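Have a look at the structure below before the remarks.
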Amino acid sequence: MEIEQGAGGKAAGGEGEGGNGVPVEAGAELAIASRILADLGVFDAAGHVSMRHPGNPQRFLMSRSLAPALVTADDIMEFTLESTPCDARGRTPFIERYLHGEIYRKRPDVMGIAHGHSPAVIPFGLTSTPMRATYHNAAFLAAGVPVFDIRDRFGVTDIVISSAERGAGAADALGDKAVVLLRAHGFIAVGPGIQAAVFRAVFTEISARVQLQAAALGGSIAALDAEEGRLADAINLATVGRSWELWKRRVTT
Amino acid sequence: MEIEQGAGGKAAGGEGEGGNGVPVEAGAELAIASRILADLGVFDAAGHVSMRHPGNPQRFLMSRSLAPALVTADDIMEFTLESTPCDARGRTPFIERYLHGEIYRKRPDVMGIAHGHSPAVIPFGLTSTPMRATYHNAAFLAAGVPVFDIRDRFGVTDIVISSAERGAGAADALGDKAVVLLRAHGFIAVGPGIQAAVFRAVFTEISARVQLQAAALGGSIAALDAEEGRLADAINLATVGRSWELWKRRVTT
Amino acid sequence: MEIEQGAGGKAAGGEGEGGNGVPVEAGAELAIASRILADLGVFDAAGHVSMRHPGNPQRFLMSRSLAPALVTADDIMEFTLESTPCDARGRTPFIERYLHGEIYRKRPDVMGIAHGHSPAVIPFGLTSTPMRATYHNAAFLAAGVPVFDIRDRFGVTDIVISSAERGAGAADALGDKAVVLLRAHGFIAVGPGIQAAVFRAVFTEISARVQLQAAALGGSIAALDAEEGRLADAINLATVGRSWELWKRRVTT
Amino acid sequence: MEIEQGAGGKAAGGEGEGGNGVPVEAGAELAIASRILADLGVFDAAGHVSMRHPGNPQRFLMSRSLAPALVTADDIMEFTLESTPCDARGRTPFIERYLHGEIYRKRPDVMGIAHGHSPAVIPFGLTSTPMRATYHNAAFLAAGVPVFDIRDRFGVTDIVISSAERGAGAADALGDKAVVLLRAHGFIAVGPGIQAAVFRAVFTEISARVQLQAAALGGSIAALDAEEGRLADAINLATVGRSWELWKRRVTT
């Protein structure tokens, strides 16, 4: 179970690993995901993205505490589902890693998670207006977007998801959905892969902007209904690579 | 009729063609149109633009399925008006090419078509507020901007214009206008040339932003009326080259 | 009176001129003004800026018809106050030069004029909400911002200020103010110098954005009153060089 | 007391100083703060930021009058708390330095001050809507955001904080808070360090944008309450270095 923690070289199973014990390809892809979300303005200096370990579903990979725009493969750490670093080597993990661990624990289908604080999304966690799927790219929102208000379970706090208990609260609020909003804090988007999680984080932010504008026009909004959303989301997942390749070029050249 | 499908060299009619059987100048101009619309933020990773074949009105030219920012002349394919590739050579066409084919079939005056998902335009397809021509650059909107709701003819779908039937539905909704909105999806802008289609796509997006702001001020909006729009559009079409040359510089140097 | 039309070299009065008969320093500064307004997004592909001739108040200088981002000193032409080119040399003037000429004719205090189509400004020409001076940088708006609706004097038109008569209509609507809005078209900002005209065009656009946001909050707006505006504008005019130097760096290096 | 005014070399206390008599490290950090706020769009051509002198609490450091994007360590001047330059050497100080001096005099806890005119913030100084702490990054707003209307104490003015009396008025309005708005002018953000002051200026602007959008959705806003804000602000202050390092990279490489 600990084979990724070797001093680099090849893992017992033959999969390539970097010097930090993380599978080379996975670490590189996760670092790119982090830089993409910073480049597109979804992440400020403090968002974070993770992926389930491709070789061990009881582990996940995530950057050390670092501005997401600066993350490279060398910054990726491995964690247990208790959000404990497998081999910290002096690196400081993100304080909010618990929201990742608790979601991976409760949602075996989730392979990637992004957490950010996009300004356009915050209003929907502060008001009673539910987020809608304003267009096909945001089809994953059509199933509903719950809001996690940390006050409901934990009273007055510093808002930070800094414990397994708080992480479990956020994971419970997420339920079986693709996105959960955190009141006065931000949002979490999940997906069946790291590219899908990034795609959903991006279009959560864009759809929020679209809905804010549609709301200003007044009247009802003919958003995607649940079944339209389910059908359109399947198309999005099948074609996510096109967006990924485009976004990747911007942060790797 | 199939002369563009030769293995490059000169066409029978003497017009230069690239190795992919597409007239050289037309392919280059269409690729620039694609990159312009991506550069100006009108296209995300998935918009597409086409032009009627300059030498054969029964054909149209369009990129293979590729992020529009990356399109070069080599990516341009030729299609029949049934949206069938004339010579695919292993390249994958856009799934939504049918909206282009069906419009070229029904509108002999149309020489260029752009389809995108600009966030500012989506709200007008979701609400009952009609788009207006907020200023001279958007004069082509003054004739009216219909909305195509795919549910009306096809019920619950994945929203994608992925068949000739759906494409015909969009073309019918467009009628004789310059722009049609697709509910929860995006818009289509057409013009008497590729430069005009690009110009109209750009100013559809900008006029949408202007109208969203004007709506927030409240009260009636003294937009261009149909006749003012018709007169101002003629000026725009006569001077579209100035915008084109400026935009082209940004994506060719 | 025609000394600037010599074939370059020194003017009779000893002032340096370029090959196009325009004073060298003035032509260079006007070209910078044009590029600044494009760089800051106040101008799209079709705005234009002019200055009164520094050596002859019966003349003004303005670029040939060209995207403002591309203007260099060589593109600057000289015009009479009838908006007739003094020496066109085959260059095409802007069709809307008449709005400049008629304002210079009626307002001897005006030394620079900018005309653009900023999306944020258009809504105030379409609705009954008057523009206000939302903060000190926009103090010049506190005296009032009239709207010129071309329909009132000319009926249904193509909106373009393409004749001396239409230019005179816009100049009459401007009156003794710093800015006039053109319905469904754009705005004109004037100043006692070219740098002041540029500053006012920039902050007309920014103040429009501020006011759109303040309007969305609802309730009354405690904008600058006329006397506060007069006092604050004097400070702005005295310190305009700081903004100018900063903006100039962006378009000259 | 005047040791920083030597001709460069080492100060008596052994702390390094630049040729302009300002501690080297402090001057460099303050110049970076200025460029960060310009780079992030919080400052236009005329914002300014200061820090209390690290070796003498009766002094503060601030740039000469210069566009904030252009400030380097050589531009930093030293001032008494009366806002008098200790050694001007021909350099022109900002006319509004008094707002800095008066706040340092009244608030011994304040070590850094930023004053800007962000368009998104202005509306909250013009209307009766109070600014709220829309998310954790803006936690410092939860204690309340007063508005200073210069008319209340000084009647009709040019709006500029150009005297000790006006500076004292702004400082009184600030009270013990982190941010004060200046009607029709801008805002002042203060912090227990220069990095905290910059962080607060940045997120004052972003939170303003979030609140403008939330207001457009209508209904009540579940912003951070005072105690949540106090707790979350402590986290922000402890982790401000991560944002600082990211922002610094953009203006130093």
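The letters A, B, C and D name the chains in turn, as written, and every chain counts its residues from 1.
The rule is simple: contacts are C-beta pairs under 8 Å (C-beta built on N, C-alpha and C of every residue); 3 or more make two chains touch, one makes a residue touch a chain.
This is a predicted model, so every value here is computed, not measured.
A.B. asks: Counting hops between chains that touch, how far apart are chain A and chain C?
C.D. replies: 2
A.B. asks: Report same or different for the chain A and chain D interface, where same means the shared residue numbers exceed half of all residue numbers found there.
C.D. replies: Mostly different residues: under half of the interface numbers shared.
A.B. asks: Can you grab the rotation angle between chain B and chain C? Superpose on CA, round to the nearest 5°.
C.D. replies: Here the rotation carrying chain B onto chain C measures out at 90 degrees.
A.B. asks: What chain lies farthest away from chain D once each centre is taken as the mean of the Cα atoms?
C.D. replies: When every chain centre is compared against chain D, the largest gap points to B.
A.B. asks: Could you please state the distance in Å, as a whole number, between where the Cα atoms of chain A are centred and where those of chain B are centred?
C.D. replies: 34
A.B. asks: In whole angstrom, what separates the CA-based centres of chain B and chain D?
C.D. replies: Each chain's C-alpha centroid was found; their separation is 48 Å.
A.B. asks: Which parts of chain A, given as residue numbers and ranges, touch two or more other chains?
C.D. replies: Residues 216 of chain A each touch two or more of the other chains.
A.B. asks: What does chain D use to touch chain C in their complex?
C.D. replies: My answer: residues 44-46, 65-67, 69-70, 117, 119-120, 122-129, 149, 151, 156-160, 183-186, 212, 215-216.
A.B. asks: Which positions of chain D touch chain A when the two form their complex?
C.D. replies: Going through chain D, the ones touching chain A are 133-137, 139, 206, 209-210, 213-214, 216-225, 227-228, 231-232, 234-235, 239, 242-243, 245-247, 249.
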